[in-house]
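Before I ask anything, here is the structure I am working with.
Letters A, B, C, D, E and F name the chains as they come in the text, with residue numbers starting at 1 for each one.
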Amino acid sequence: MSLSVSELWSAMTAEAREYGRNEPVLASFYHASILNHTSFAGALSFHIAAKLDCDSVPAMLIRDVFNEAFASDDSIVNAAARDICAHFERDPACDHYGMPFLYFKGFQAIQAYRIAHWLWLQGRESLALFLQNRIASVFDVDIHPAAVIGSGVMVDHATGLVIGETAVVGNNVSMLHSVTLGGCGSGQGPRHPRICDGVLISAGAKVLGPIVVGDGAKIAAGSVVVSDVAAHSTVAGVPAKQVGALSAELPALNMDQNISDES
Amino acid sequence: MSLSVSELWSAMTAEAREYGRNEPVLASFYHASILNHTSFAGALSFHIAAKLDCDSVPAMLIRDVFNEAFASDDSIVNAAARDICAHFERDPACDHYGMPFLYFKGFQAIQAYRIAHWLWLQGRESLALFLQNRIASVFDVDIHPAAVIGSGVMVDHATGLVIGETAVVGNNVSMLHSVTLGGCGSGQGPRHPRICDGVLISAGAKVLGPIVVGDGAKIAAGSVVVSDVAAHSTVAGVPAKQVGALSAELPALNMDQNISDES
Amino acid sequence: MSLSVSELWSAMTAEAREYGRNEPVLASFYHASILNHTSFAGALSFHIAAKLDCDSVPAMLIRDVFNEAFASDDSIVNAAARDICAHFERDPACDHYGMPFLYFKGFQAIQAYRIAHWLWLQGRESLALFLQNRIASVFDVDIHPAAVIGSGVMVDHATGLVIGETAVVGNNVSMLHSVTLGGCGSGQGPRHPRICDGVLISAGAKVLGPIVVGDGAKIAAGSVVVSDVAAHSTVAGVPAKQVGALSAELPALNMDQNISDES
Amino acid sequence: MSLSVSELWSAMTAEAREYGRNEPVLASFYHASILNHTSFAGALSFHIAAKLDCDSVPAMLIRDVFNEAFASDDSIVNAAARDICAHFERDPACDHYGMPFLYFKGFQAIQAYRIAHWLWLQGRESLALFLQNRIASVFDVDIHPAAVIGSGVMVDHATGLVIGETAVVGNNVSMLHSVTLGGCGSGQGPRHPRICDGVLISAGAKVLGPIVVGDGAKIAAGSVVVSDVAAHSTVAGVPAKQVGALSAELPALNMDQNISDES
Amino acid sequence: MSLSVSELWSAMTAEAREYGRNEPVLASFYHASILNHTSFAGALSFHIAAKLDCDSVPAMLIRDVFNEAFASDDSIVNAAARDICAHFERDPACDHYGMPFLYFKGFQAIQAYRIAHWLWLQGRESLALFLQNRIASVFDVDIHPAAVIGSGVMVDHATGLVIGETAVVGNNVSMLHSVTLGGCGSGQGPRHPRICDGVLISAGAKVLGPIVVGDGAKIAAGSVVVSDVAAHSTVAGVPAKQVGALSAELPALNMDQNISDES
Amino acid sequence: MSLSVSELWSAMTAEAREYGRNEPVLASFYHASILNHTSFAGALSFHIAAKLDCDSVPAMLIRDVFNEAFASDDSIVNAAARDICAHFERDPACDHYGMPFLYFKGFQAIQAYRIAHWLWLQGRESLALFLQNRIASVFDVDIHPAAVIGSGVMVDHATGLVIGETAVVGNNVSMLHSVTLGGCGSGQGPRHPRICDGVLISAGAKVLGPIVVGDGAKIAAGSVVVSDVAAHSTVAGVPAKQVGALSAELPALNMDQNISDES
């Protein structure tokens, strides 16, 4: 269902050509961001580095780090492509592939995090923390570089997202703005949640402590979750309690933030 | 009660002259933002375009789009004036007319949205989406350009506000930071709420799905609202339930975020 | 337990030398931000002013204001030092003193607020409001310059924090992102909460109206608090109710956002 | 021979479309500078104001001044068009109309001077002097705003050109880089030269004092001219003396910097 | 004849107030550059540092160096004041004291050189060379930091001025744009000229090698001087020869670039 | 005598480490410009692209073009290395290899020209002309991208240098600021001079028309040369005539701008 990186790149360049023709004010923007590049990876490192540009570490230097990461681990670019497809498939307001790439702070923040995470794994903690700060300043998204995040991830609207140091997020997860994967305690082990595949975490939900949210679970908007959530269940409330029956669906994929009628 | 555009402009220029005299560090700022201009519309296009400036689409180009919109539809400028009056009348911390114009991210974001919305109605969807992204980056407010928003609107503090594609907001509505008018489902019709006149939506409340919040209703802070709210009622909680009796007042106008004693 | 300003400065410069050696990409950043300065105060005014830089009021001018404030009231710099120590002691992810100074939006926003507050007390309200806007734009933190905030304060992650005009915050308080100390009513007296010493306010909690949150109280994540909270108690929920027994601890110091088992 | 403004604009937009197609790196540049505008005047005010942009007086404000000048005196735009044609006709290295507009510092400086001169005539001497400084900083060309300069003027390469307060330059004059029209004395009357129509002043020549350089005269490179120059004569040397016979040609039009064989 | 620093500062602030009232577009510029400061030295370090601002060494850092130099050697600020008076007295186009300070590249470059020279004397050669490059980039004036320059110096128009490593320039000297004090040979001793007091060096003149130009000498425009010039004599030509009789005047003070009739 | 690229790179990095230790204000600058890179070519593309950065074509895009050129033709990087050695050997004021690279506008302009020339040869004339304009704006040096320039070239001080479209410059040539290699006529063939190996062209000299300046010739400062110059001869004056006897030396290498005694 998801496009390959090269299929995605073909689709994005075709869109950019069409949109550039139709909106001359943005022709330049489409060219600089997409059409001037020969690959998805090249465009991605250019576009995200330009967003993170600052006097202390200019965009050119940041881009060098991105390219180094892309060259050493091609799963980073593959994950970015799957994240774009996730937006395209799940968000009714997203009707072309270029939208997350060009416009969505959540997508952009996650890709920058992937580089910070790669740096963290290389032992370059200072630069990873520097990037974390730039991401928080530019995108209003605060993800600790040690956190582990899968692919096919969609972070919609994104402002205020916080993901802590020992959090783990699986594949095909959808999160909305103002979601917190927060910590409890200060011991040596995990202090943050593990979110399994296909989970939907609705706007403003706080998931706190080293708990597990099972595959295909759904956390309603504004919930505060402080204990494990069973796979394929829906939880809601402060503190969150299970509502409704189990479901075989993956709620992350249809993005229904509502909580079921029987709540 | 609200000032006309020209009355407002007179008041703002008088204030700017006085404040410029009293605070020399800002004399330049008051001049560039207000006193150098011959009309409220001219100052508004200058000030908001300067905020949205970026390398890809510089302020001068953005201002041309603002001026084009103002020239074709003067309701946009009138709405901006009513929004300023709304802040002045409802916010005890706002004691001069220039404050929302100069300093309040919520006011500034709404005016930029009005241009994005005008572009959307003209069929210039790419540029509207570009502006949506700039607004989200600069003001931390994410409003889909297809959403419909009335006048006399106050968005206080603003960080984290999200308003989805099919949302409708009436006149004289007050919303605080971190409010979400979010979507449910992915069908063809409306997926987001309709907020009627005079409604107050307190900090962090999530209003989800194609529901109606009636005239003069009040939604308490932190509530998650997933079903219709009767006019002049107050709702609170996760999920939100009616609390207290009906009231004839317009809660948006007095901004009492509290929920009544009987809750 | 807390370091003196000069002990802190020694620790920070030693760290910066070490980190600069290990991460050449950031050598310049450590030098410009820390090592080029002869005192903690000099580095602080440089670093925060650089963050607040804008065309209308360039960093050099802002720094002059910072230096004027530091010279007239040395409690401002002392408070900054205690805030850094608060992060170091309470945040397991913070393992060197330079981190809050260099990277944490919450710390940076609070120090900028301290200058806006000093200006407010000097009667320079315009410039205080200008700074409030810059702080809100740059750090996504909106603190009215008239609010009163103690020292040893930690604001973790910070995005979306709102503190209103008549709020009072004591010493050794910890707050997380998206916390609101909001107002009710529009009379002459206090409209916002008073937060006593050692309180922990977890992520997304809204504390509304002229209530008192007693020493050592803990407010759970996502709570909406509309009435007084007893010292050393824990409250949770929408609206918040007391959960669990009283405790002699200061929850701000261990940052356990969880609510107790019996909730 | 010269194109009308509208013919020129048609030619420039056709070129920009073609060049934008052939060089994608610059597609954006051609769009922002030329194709996004509906008239030559609109593009001119945009492009030159963008060059003069500075923190103290941003491009948007400068553009407002340009547009005010263009609206009050359409000879300014006509002169700009004739200047472009002068470059196209006289410079073998200039093979399309967009080159002077987009790339030649001499053309850009002269157009900015025209606005400074208009301001001077309006009695707005401070802003005229401010612009003179910006022109000197950006284009390395120092023209006093009180100087009077005709149209069809070409200033090739331009670096180091200086034209003093009481200088007068006619139509169809060509000047190269490092030319000085300098002053002698400090009385009330003219202190600088009057250059008549069709004159060529070659690279590095200094023309000093209230002298007259007659129609169609030619001043050789590196000359220092301190007395009147007869029409259609050629002068060379330090101090300059007449060389060769009179000629009926306009040396400005063929740009032959050489001095005749008999020198 | 020359004003004291405090008289000059009074005159400049009075002018700035008047000009700011008359030209609102620049009110901000006059405030930021002059009126916001409490002393001439404070304004000078602010204004020149702002001109030299670059990503690698931001204006705030440069200003710290300026202030350090001013504090250690007050002759630097005194010389700046005398340079302003030199422009005011000698340049008919300069009719207020703020003009050199605000607008003249030659004045600004000389003041920045004075700091580079101070650094050179301190043994901080790297930073001196860095500043030399910034001065050359920003003002198109290339002065080696080891050169020695007096006070009451006027450099008019300035573009292209070059002063070499072992050059010495006395007091009350006037130089125009494109003047070179260049070197010959590569031995250990002086390789560049010594220019005595009251000398006028007209536009484009090249003075080369370790020669002496005596008090009150005048070098005509475009001259190439390769041997000593007697005091109070005038030289002209390529190579320069004495023209006219000796004169008791100081040609630097009346700025008559012309060469005498008998040439 | 000249270092290889790798020897040069070793020397430059050793210097940068030492200078960075001794001048903490510039530690960052040395790191970003030199030490962060793994090769001379990488540092060169970074440093020059950063200088040429502009909104329309950001540094990252320019650097991509540099890297493409370096990859396709390694003579470009070799020539840059030889140019640095030329400065080091010939300029008494240049005592370390990093100086031309970091600080000298002439060196930087020539390297940027080499890329513009490479683009011109590829048929990408628009981008070559765009770069020519950026070089002229940033470095005050105007070199037509079609001109042909050898290696071991030193352009000292550089402001005002102009080299026309059909000019040819050999190896080991030294030119000073304000030199012009200008054109005569408008035919199809060469219109500009050919400068052979080892020539010295002193400050402000104008060499005009399709003439030949033979190997090891020397052109005195301020000369205007309009006819061929014999190898190993010295010419001076306006117009230039031969002075002194032939010499076997290469005057470019000792940089003696003086003209011989018998002139």
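Quick notes on this one:
Throughout what follows, contacts are C-beta pairs under 8 Å (C-beta built on N, C-alpha and C of every residue); 3 or more make two chains touch, one makes a residue touch a chain.
The chain lineup, named per UniProt: A, B, C, D, E, F = Serine acetyltransferase.
Just so it is clear, the structure is predicted and the values come from calculations on it, not from any experiment.
Any chain touching chain A that also touches chain D appears here: B, C, E, F. Any chain bridging chain B and chain C, meaning touching each of them, is among A, D, E, F; the list is complete. Two copies of one chain, chain B and chain D, touch each other, and the residues they use overlap strongly: the shared fraction of interface numbers exceeds half. Counting C-beta pairs in contact across B-E and across D-E gives the higher total for D-E. The mean-CA centres of chain E and chain F are about 28 angstrom from one another, to the nearest whole unit. If each chain is reduced to the centroid of its CA atoms, chain C and chain D end up 57 Å from each other. Centroids built from CA atoms put chain F at 54 Å from chain C.
Annotation for chain B: residues 25, 28-29, 32, 36, 50, 55-56, 58, 61, 140, 159-160, 178, 204, 222-223, 238 touch two or more other chains. Touching chain F in their complex are the following residues of chain A: 28, 32, 36, 46, 49-50, 56, 58-61, 63. Within the complex, the chain C residues that touch chain F are 20, 24-25, 27-29, 31-32, 35-36.
Across the interface of their complex, chain A is touched by residues 19, 22-23, 25-26, 28-29, 32-33, 50, 92-93, 99, 102-105, 138-140, 157, 159-160, 176-178, 202-204, 220-223, 236-238, 254-259, 263 of chain C.
Looking at the complex, you find that chain D touches chain C at residues 55, 58.
Against chain B, the residues of chain C that register as touching in their complex are 55-57, 61, 65, 124, 126-127, 129-130, 132-133, 136-137, 140, 142, 144, 159-160, 162, 164-165, 178, 180, 182-186, 191, 204, 206, 208-209, 222-224, 226, 238-239.
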